[in-house]
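Next come the structures, one after another.
Paired with subunit B in one complex and with subunit C in the other, subunit A is shared by the two complexes that follow.
Let's turn to the complex of A and B:
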C-alpha cells in the first residue's frame, strides 16, 4: 500500500484565528462557566443566572406572570418581621413555617462575620414535589407557575416533604394537609394585592417579589445582568428554582 | 316419618363432616406452645393496631418521632421490608408455579400464601403511617398523578394483591391453569410495583443518597434475597409446627432455594460494595451519609446487622449447609431476615439525615439530623410482625400445611426420579 501524500498546499489552517466566531464564543462561554463553578461552587458562572431558571429550551418563561423573588442576602438583619407577617397572613401554626431565616457564621471573615439567609419555597420549574405527589394535591399552576396545594387531596404520605430540596414543606395538623408557601396567592395575590406579605413587611427591602417574564421588573433586570453575581441555592438538584440571591 | 328423616340426617352428619369441622378439628389437641405463640402473635397484632389507632387519635406529630426534616421513619422502612419480602416470595413461588420448574413446586403454595400475608402486614403498617389514608382511596382513583412513582407503586401493588389472592384461590380449587395465569399477572404487577417502590427513592433528585437508576434494580435483586430467606425460614418452621418430617420433595425444593439464596446474597453484596465505592466520588451529601453508615452512628447497624447478620453469616451458613442441613439453613435465614429489617431501616433513615441546607454551612443545619422511633412506631411495627405470625400459624392449620396435590406430588416425584437416574447414568 502506498501512503497518501499530504497536500500541504490545500491543508486547512487549524490555528484559533481560523475558528468561526460562534465556535470561539462557545469556547469562551465554557471557560467562564468553568471558572465560575470553580470559584467556590455556589457562584454558578459569570454568565447570567437566568439559565438556571429556564423551564424549557423552547420557552424561557412559560408563565405569565412568572412569579419569582430576588433576595438581597446582605441586607437581611434577622428582624423576623417577614416570618411574623407570613404566620399572620397565612395562619401558619407555631410548629411549622413557610419561610424562615438561616444564620451563617464565618468566624474567620474580615469584619462582618455573620450573615442571614432568608429561605422559602423556590417555586421550582421542575418541582420534585409535584412529580412525586400521587394525587396531584400539589401542582404547578399553569398560569403563574406557583407550586400550589389542594389541601383536600393531600393523603399525607409526605413524599413531597422528602422530595423537596429546600425543606420548604411541613405537615399542618389543623388542615390535615402538607402546607407550603404559595407566594401569598390565596391570601393576597388572588385578591389583587401586588406583593407577598413577607416582602411587604421587610424594612430592609431584602425580598423583591416580581414577574420574571416582565423585562421592566427589578427581578428581571437583576437576574439578566452580569456585573453582579446572582445565585440560587442547590442548583445541582436540577429543580430549576425561582428564588434568586444576590448582594447589593 | 318425620322421626325417620331426622335420624337419617343425624347419620349423614356423623358420616360426612363438613369442611369447617375438618378445619376446626385441626386446631384441637395441639401443643400448649402452639396456642401460646399464636396468642402472643395475636396480642402483638392487636397492640400494634391499637397503638396505630391511638396515634391517629392524638395526631401523628405527637405520637411519632418523624419530623419536618426526617418525614419518613421506621414505619416506611417496615412497609418496605414487608413488601420486598412479599415480592420476593411471589418471585420464588413463580419459579415453580408459573415457570414450571418442578423442583420449586412443593414450596410454592406456602410462598403464595405468605406473599399475601406479608403484603397485608405492609399495608397495615403504611395505613398507620399515612396521615389521611381514607383520602388516598378516593383521590388515587379520581386524581391520579401518572408521573408519581408512589401512585404507580400503590396502584400496582393493589393489582398485585388481587392477582396473588386469585392465584391462591385457584390453587385451593386445584385449577392450576388459571392459577398459573393469575400467578403470571402477579409476577408482572409485583415486579412493576416493586421497581416503582425503588423509584420512589431513586427519583428524588434532591436526595443524593437515593437518587439514580440504582434503586429500582437493587430493590428487585433484594426481593429475591428476602424471598428465599423467608420461605426457607417459614417452611422449616411449618414442619415443626405441624410436627412433620421434611420429605424428599420438600428437601429438594429447599436445597434449590438455598442455592438461589446464595446467588441473591452475592448479588446484593456486589451491589452494596459498588454503591459505597461510587458514592465516594459523588456529591458531598452522599459522602457524608455513607460515612455515617460506615464509621458513624449507623456503623453498628451497617457492619453487624446488615453485613454480618444480613449477608456474610447467612452466606457462610448456606454454603456450609450444602442445602441439606435444615437447622443451619433455618438459623441462617432467621439471621438474614433480622439483618434485612435493618437494611431497610438504614436505607430509609440514612437517606434523610443529611439536611437540605447542610452544604450552605448555616448554624441551624451544621450537624446531621437524627431519628429514633417512638413507642407508638415500634408497637405498630410489632403489630405488623404479629399479623404475619398469627396468619402464618392459622394458615398452616386452615390450609392443611399447604400440601401439594396428589397429581402435583407425582409429577414432582417422577421429575426427581428422572433427575437421579440421569445423575447415576452420568456417574457411570
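Let's turn to the complex of A and C:
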C-alpha cells in the first residue's frame, strides 16, 4: 500500500489533556508507552514499547546507543535554522530535504491560529523503506539503529520513497542516489560530535537528540513520564518510529 | 438654481479631496507600515502596529521612545532584541508578561509567523 503524503492539516494532534493522567498511568503500568495520536476522538495507538514497538521483545531498546529524537512541537517557530544547518552540514540540494517543517492552520482556535511541526526520517524499527529496497542500498544499522544509505548500491528505483510513511527521502541528482537523514552520522556522530546539526542549531530547543536506551537522557525521561502525552506520527503504519513528539 | 447645484457638487468634490489628502498625511505621520516584520535574530515575527496603537488603544508615548524608536526595524540593530531582554521587561516584554498582554512562554506562533509566513508577505 502506498502511504498518503504526509499532510499536517489532517494530522490530528492530541492535546496534552485529552488523555487523563490516571489512564496514562494505567497504560504505563501495563507496559505501554502512551504514544497516542487522536483520530476521530479515539486514541489510535498505545504502543507497547517492550513487544510491539521494537523488533526484539527481549530487549526494550535493541540498539546501543538507541538513537532517537524528542520534538517539543509547540515550541517550533519555523525559523528554519535547523533546515539551514542540515543543508550545510549534509550538502542537501535545494530541491530536496532531509528535514523540513510543516505548517497548518488551526482556524477554530481562539488565540494561536498556526502550528508548525518539524519532520525527518523516523529511523523506524521496522522500516518499510528497507523492506522495499531491492538492492539493500538502504539498511538498518545493526548497532545504532540508524536507517543508512549505501549510495553505491542505490539504483534510483525510488521504491523506498514511496514506501516511506514520513516523506523523508528524496532523489539526489548529483550523487545519483536516494538520500535521507542519517542523524548526521556520516557528517558528525562518526566524528565524535554528540548531537545532530539540526538539534544544535535550534534556538528554541525544540529538537532533543539522545539515546533512548540511556535512562539518564532527556529523551528517555520524556518518553517514560506520565504527566505529558508523547506521540508519534502515523503509528498505524506499524513501522515503530523513533521520533517522539510532545508539547511543553 | 443651476449655479447652486454646480457649486454644491464642486464643494463636495473639493472637501472630498481635502479629506482624502489629510487622511493620507495623517497615515504617513503615524507610520506608513501597519505591520512590521522582524527577521532578526530569527525569521520571522510580525508586529501589528495599527492594532496596537488603534485597536488596543495604547497611546503612542507608552512605546515611543521608551521602548521603541519611530523607525521600523531600528530595534533589530540593537543586538539584544531577544527573549532574554523581553523577560527583563524590555521591548515587547514590557507588556507581554501575561498581565498587560498575553505571555510569551506559550502561543509562540501568535508572534512568530516563521519563514513560511515571511514568504507569504513577499519580503526578504
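By definition in this document, the second predicted complex is superposed on the first by the 195 of 248 C-alpha atoms of A that agree within 3 Å, B and C clash if a C-alpha of one lies under 4 Å from a C-alpha of the other, contacts with A are read in each partner's own complex, and residues count from 1 in each chain.
Please note the rule applied: a residue touches a chain if its C-beta (ideal position, glycine included) is under 8 Å from a C-beta of that chain, and two chains touch if they have at least 3 such contacts.
The structure presented is a predicted model; accordingly, all values stated were derived computationally and were not measured.
Asker: Put the two structures on top of each other at subunit A: do subunit B and subunit C fit, or clash?
Answerer: After superposition on subunit A, subunit B vs subunit C: fit, no clash.
Asker: Should A:176 be classified as contacting the first partner (subunit B), the second (subunit C), both, or neither?
Answerer: first
Asker: Between subunit B (first) and subunit C (second), which, if any, makes contact with A:137: first, second, both or neither?
Answerer: Touch status of A:137: first partner only.
Asker: Return first, second, both or neither, reflecting whether A:158 touches subunit B, subunit C, both chains, or no partner chain.
Answerer: Touch partner of A:158: subunit B, not subunit C.
Asker: May I ask you to decide whether A:103 touches subunit B, subunit C, both, or neither, giving the answer as first, second, both or neither?
Answerer: both
Asker: On the superposed three-chain arrangement, identify whether subunit B or subunit C touches more subunit A residues.
Answerer: After superposition, B is the partner touching more of subunit A.
Asker: Of the partners subunit B and subunit C, which touch A:229 in the superposed model: first, second, both, neither?
Answerer: After superposing on A, A:229 lies clear of both subunit B and subunit C.
Asker: Go through the superposed model and pick first if A:74 touches only subunit B, second if only subunit C, both, or neither.
Answerer: A:74 contacts subunit C only, not subunit B.
Asker: Report for A:112: first if it touches subunit B alone, second if subunit C alone, otherwise both or neither.
Answerer: A:112 sits against subunit C, while subunit B stays out of touch.
Asker: Could you grab the smallest C-alpha gap between subunit B and subunit C in the overlay, to the nearest Å?
Answerer: Checking C-alpha atoms only, subunit B sits 10 Å from subunit C at its nearest point.
Asker: Pick out the shared contact residues on subunit A: the ones touching subunit B in one complex and subunit C in the other.
Answerer: Shared contact residues on subunit A: 103.
Asker: Name, in rising order, each residue of subunit A that touches subunit C in their complex.
Answerer: My answer: residues 74-81, 101, 103, 111-116, 203-204.
Asker: Tell me, which parts of subunit A touch subunit B in their complex?
Answerer: 95-96, 102-105, 117, 119, 128, 130-137, 152-159, 161-167, 169-171, 173, 176-177, 233-234, 236-239
Asker: Touching residues of subunit C toward subunit A in the complex: what are they?
Answerer: Residues in contact with subunit A: 41-44, 102, 106-110, 112-117.
Asker: Across the complex, what residues on subunit B touch subunit A?
Answerer: My answer: residues 59-61, 66, 68-69, 71-72, 130-133, 135-136, 139-140, 143-145, 147-151, 154, 200, 203-207, 283, 352, 355-357, 359-365.
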